[in-house]
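Please find the structures below.
Look for chain A in each of the two complexes below; its partner is chain B in the first and chain C in the second.
And then the complex of A and B:
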C-alpha cells in the first residue's frame, strides 16, 4: 500500500469506529466538565449534573452502537480491528452492564467521586476496542487500558482494605501482562506476524512441537485468562471482590469477561486445534477449584468471587466445544451470566446496604424482606443452573454443544469435561443455597441496618426476576439475536 | 568482531542481572540495574534498532532508574551502626527457600526448553537503511495510528488515576 491508499484507508476506518471515537472524546469532555462544574457550583449540584452527563453519554453510546448493527463485517485499520455483528452484540452487553452499574449506584445511594465515572468510561472504551481486536498489539493495548482503569476503580477509596486489594490486583495484573508479552514475543518469533486472523500464523505455529506450542499459547493467553479469572491466573479474585465497592465489583465481574470471551472465540477459530484441550483443561480445573473453595467462604462477595471463577470455566466450555452451537451457547451464557451475576450483587447489596457483606449478617433477613429474599433465592438457583431459570437454559446449551462435539470428534477428554462440569454443577448447589438457607431458616442475630430506597429496589428486582424467568420459557427471544450475529 | 561485541555486552547484561539477584544491598542492586540496562541498550544497537536503544537509555537509565534511586534514598531510615555492607532488611520471613529456588529452576528449564526447541521464523526484509527513525515516524502515523492513539488514552487514564490516588490517600487512615 502506498501512502495515499493508507491515508484513505485510515479516514475510511475512522468513520467505522464512531462509538469508540465518541467514548474517547467523552472521556476528555467529562474531565473538563468536571473541572469547570466543580469551580462554579456546589458539590451536590455538580454530582447530579455529572451523573446526568454520564447517563446521557452512555445512552448516546448505545444508540451509536445500534447504528452499527447492520454494517458489513469488515476490517478497520487493517489488520488491527475487525467489526462484525458479534462485536456489536458484545458491545451492547457491555453498555448494558455499564448502565446497570449506574442503576445500582443510584439505587443504593453510593457517593462516588466524579473521577470514577471518567475511569468507567475509559474501561468501557478499552472493552469496546477489545471486542474488535484481531491483532495481538491491539489486544494487548486495549487490555492494558481496561486493566489500568480497573486497578484504579478498585483502589480509589481511601480505606486500607481498598489499597490492599488494589495493590494485589495491580501486582497480579502486571505479572500476567508480562507473561502475556513474553508469550506474544514468542509467537511473533515463531510466526513473523501478530495478526491472528492471518492463516500464516496458524501454519507457522503448526510446524512447532506440541511442547513449544502449548507453552507459547498458554503464556500468550495469560492476560486474557487473568481477566476471565481462570486458573492459574485467578488468585486475585476473592481479595479484589472483597475490597472494592459492590457496584464496581459487579461491573468488573461481568463486563471484562464478556469482552475477553469474544477475543478468545476469535483466537480459537484461527489457532491450531491444540489450543482446545489446553482450554478444556483450564476450564475443568477452574470449575472445580472455584466450586470447592467456595464451600468454605464466610463473606457473600468472596463466595460470589469463587463462584465467578467457576462460572468463567463454564463460559469457555462453549468455546472448547468448538461448533456453531457452542459459540452461540457461550454468547447466550455470557448474556445470562451478566443478568444473573449483576442481579445477585444488587440484591446482596439491597439486603445489607453498603456493608462488608459478611454471610452471618444475612441470617433471618428473609422474614423481614421476603420479596427480595425470594428473588435472591431464584437468582442463586439460576447461578447453580436449575430450572425454571435462564441459568438452566445457558448450561443446557453449552453442555449439549459439548455432547455434540464429543459425538463428532470422539475425543475422551471432551466426555471428562462434560462429566466434570455436571458433577460440579451439583457441588455448586451446596454453597449457592447457603445464602437462602441463612435468609429463611436462621433467626436474626444482629440488628438489621435500615433499608434505603426499598420501593424502587423492589420494582427493579421484580423486573429482573421477570427477565430471568422469561428467558427460560422463551429463550428464543435472545437466541434469535444471537443466531443473527453468528454467521 | 561483531560477535565478540555481542557476547561482551550480553555478558554485561546477564552478569549485572545475576548481581542484582545476589546482592543484599538495595543501592548496589540499583547501580547494577544501570549496567544491565546499558548492556540491553547496546544489544538493541547491534540488532539495528537504534531508536529503541536511545529510548531505552533516555527512559530507563535517565528517568526510571534515577527515580528508583531517589525512592530508595528518600524512604530509607538508616540506623546509626549501618555500614554499606549491612544487608537490607526484608520484612517478611523467607520461609520457602527450597521451593522458591526449585520452582525458579524448573521454570528456567521450561523456558530454555521452549527456546531451544522452537522453530523460529524471522522473515523480515533484510536491514539496509541506516536509521529506523524515518520508518518509525511514518508507521506511527499510518499503519500504527490506532495503537499510538490507544497508548495516548492509556497514559492519560494512568495520569488521572495517579493524581487522584496521590491527592486523596491519607496514610494515617
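And then the complex of A and C:
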C-alpha cells in the first residue's frame, strides 16, 4: 500500500466508525456540560437535565448503529477492527442494556454522582470497540477501556463497601490482563502476527505441541474469561456484585459479557480446534462451581453473582458446539440472558428498594406485592431454564447444537458437557426457587420498607414478563434477526 | 525459533532463549509477589513487574522477527498500565481514609 491508498483507507475507516466517534465526543461533551451546569445551573434541575442529555445521547447512538445495519462486512483500520452485522447486533444489545440501566436508575430514584453517567458512556465505547476487534492490540485496548471504567463505576458509587469491592475488582483485573498479555506475547513469538483472523496465525499455532498450545491459549484467553467471569478467573464476581449498587451490577453482569462473547466467537472460528476442549472444560467447571456455590448464599446479589458465573458457562457452550446452530444459539442465549438477568435485578430491587438485598429481608413480601413477586418467580424459573419461558428456548437451542456436534464429531467430552449441563440445570432450580419460596411461604420477620415504586414499576415489569413469555411462544421473532446476522 | 537474515549482529549477541528465560523469571516473581504480599502498593508493584516482563518479551520477539508491530504494542501497554495504576492508587487512598491501613487482610467485609 502506498501513502495515498493508506490515507484513503483511513478516511474510509473513519466514516465507518461513526457511532464510536460519536460516543467518544459525547463522553467529553457530557463532562463539559456537567461542569457548566454545576457551575451556572441551579442544583435542582441539574440532575434532570443531565439525565435528559444522557438519554438523548443513548437514543442517538442507537439510531447511528441501526444506520450501520446494512453495511457490507469489511475491515476498519485493517487489520484492527472488523465491522459485520454480528457486531451491529451485539452493539444493539449493549445499547439496550445501557437504556435498561437508566430505566432502572430512574424507576428506583437512585441519586448517583453525575460522573457515573460519563463512566457508563466510556464503558459502552469500550464494549463497542470490543465487538469489532480482530487484533490482539484492539482487544487489549478496548478491554482495558471497559475495565478501567468499570473499576471506577464500582469504586465511585455511593455505597459503603464500594472501595473494597473496587480494589478487589481492580487487582484481579490487572492480574488477569497481565496474564493475558503474557499469553499474547507467547502467541506472537510462536506465530509472528497479532492479527487473529490471519490464517498464518492458525497455521503457525497448529505446528506446536499440544502442551505449549494449550498453555498459550489459556493464558491469552485470561482477560476474556475474567470479563465473562468464568473459572478460574471468577473470584471477583460475588464481591463486586455485593459492593456495587444494583443497577450498575445489572449493567456489568450483562453488557461486557455480550461484547466479550463475540470476541470469543471470532477467536474460536480462527484458532486451531484444540481450543474447543479447553473451552468446554472451562464451561463445565464454571457451570458446576457457580451452581453449587450459589446454594448457600445469603444475599440476593451474591446469589445472582454465582448464578451469572453458571450462566456464563452456558453462554460459551454454544461456542464450544462450533456449528451454525451453536453460534446462533449463543447469540440467542445472550439476548435472553440480557432480558432475564436485568429483569431479575430490577425486580429484586423493586421488592426491597435500594437495600443490601439480604435474602432474609425478602421473607413474606409475596403477600404484600403479589404482582412483582409472581413475575420474579417466572424470571427465576426462566433463569433455571424451564418452559414456558425464553430461558428454556435458549438452553434448548444450545444443547441441541451441542448434540448435533456430538453426533457429527463423536468426541466423548461433548457428551459429558451435555450431561453435566443438564444435571446442573436441575441443581440450579434448588437456589433459583429459594427466593420465591421466601416470598410466598415465609412470614414477614422485619417491617418492610415503604415501596417507592408505584404504577410505573408494575407496568414495566408487566411488559418484561410479556417479552419473556412471548419469546418462548414465538422465538422466531428474535431468531429471524439472528439468522440474518450470522450468514 | 525462526530467524530472518535482516537481524543486526548486535541483537544476536544475546540469544532469544535468554530473553525468554529472563522475562519468564520476572513474570513468575511478579506472580509470587502478588500472591504473598499483603500491602496493596507492593501488589501493584508486582503487577507492574509482570507487565514489564511482558514488554521485554514482546520487544525481544519483535526484534528477532524484524517486525515492528509488537514494539507499538509495548507503548500501548505502558500507557494503559499507567492509567490503571492511577485508578488503583486513587482507590487505595479512598480505603486508607476509611480504615487507616492498606493491608489487604483488612479487606474482609465482602465474603461468602
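Note that the second predicted complex is superposed on the first by the 484 of 487 C-alpha atoms of A that agree within 3 Å, B and C clash if a C-alpha of one lies under 4 Å from a C-alpha of the other, contacts with A are read in each partner's own complex, and residues count from 1 in each chain.
Rule of thumb we're sticking to: contacts are C-beta pairs under 8 Å (C-beta built on N, C-alpha and C of every residue); 3 or more make two chains touch, one makes a residue touch a chain.
The structure presented is a predicted model; accordingly, all values stated were derived computationally and were not measured.
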Touched partner set for A:129, first chain B, second chain C, both or neither: first
First, second, both or neither for A:155, with chain B first and chain C second: both
Contacts of A:192 with chain B and chain C, given as first, second, both or neither: both
Which of chain B and chain C A:3 touches, first, second, both or neither: first
Which superposed partner A:66 touches (first chain B, second chain C, both, neither): neither
Partner chain(s) touched by A:113 [first = chain B, second = chain C, both, neither]: first
Contacts of A:302 with chain B and chain C, given as first, second, both or neither: second
Partner chain(s) touched by A:163 [first = chain B, second = chain C, both, neither]: both
Which of chain B and chain C A:137 touches, first, second, both or neither: both
Doubly contacted residues of chain A, that is, touched by chain B and again by chain C: 137, 141, 144, 148, 151-152, 155, 163, 186, 189, 192
In the complex with chain A, residue positions of chain C that touch it: 1-2, 20, 27, 30-31, 34, 40, 43-44, 47, 50-51, 53-54, 57-58, 61-62, 65, 67, 69-70, 72-73, 76-77, 80, 83-84, 87-88, 90-92, 94-95, 98, 104, 107, 109-110, 112
Partner chain B, residues of chain A touching it in the complex: 3, 6-7, 10, 13, 24, 27-28, 31, 77, 80-81, 113, 115, 118-119, 122, 125, 129, 137-138, 141-142, 144-145, 148-149, 151-152, 155-156, 158-160, 163, 186, 189-192, 204, 207-209, 211-212, 215-216
Residues of chain B that touch chain A when the two form their complex: 110-111, 113-114, 117-124, 138, 142-147, 149-151, 153-154, 156-158, 160-161, 164-165, 168-170, 173
Residues of chain A touching chain C in the complex: 136-137, 140-141, 144, 147-148, 151-152, 155, 161, 163-168, 170-171, 174-175, 178-179, 181-182, 184-186, 188-189, 192-194, 238-239, 242-243, 297-299, 302
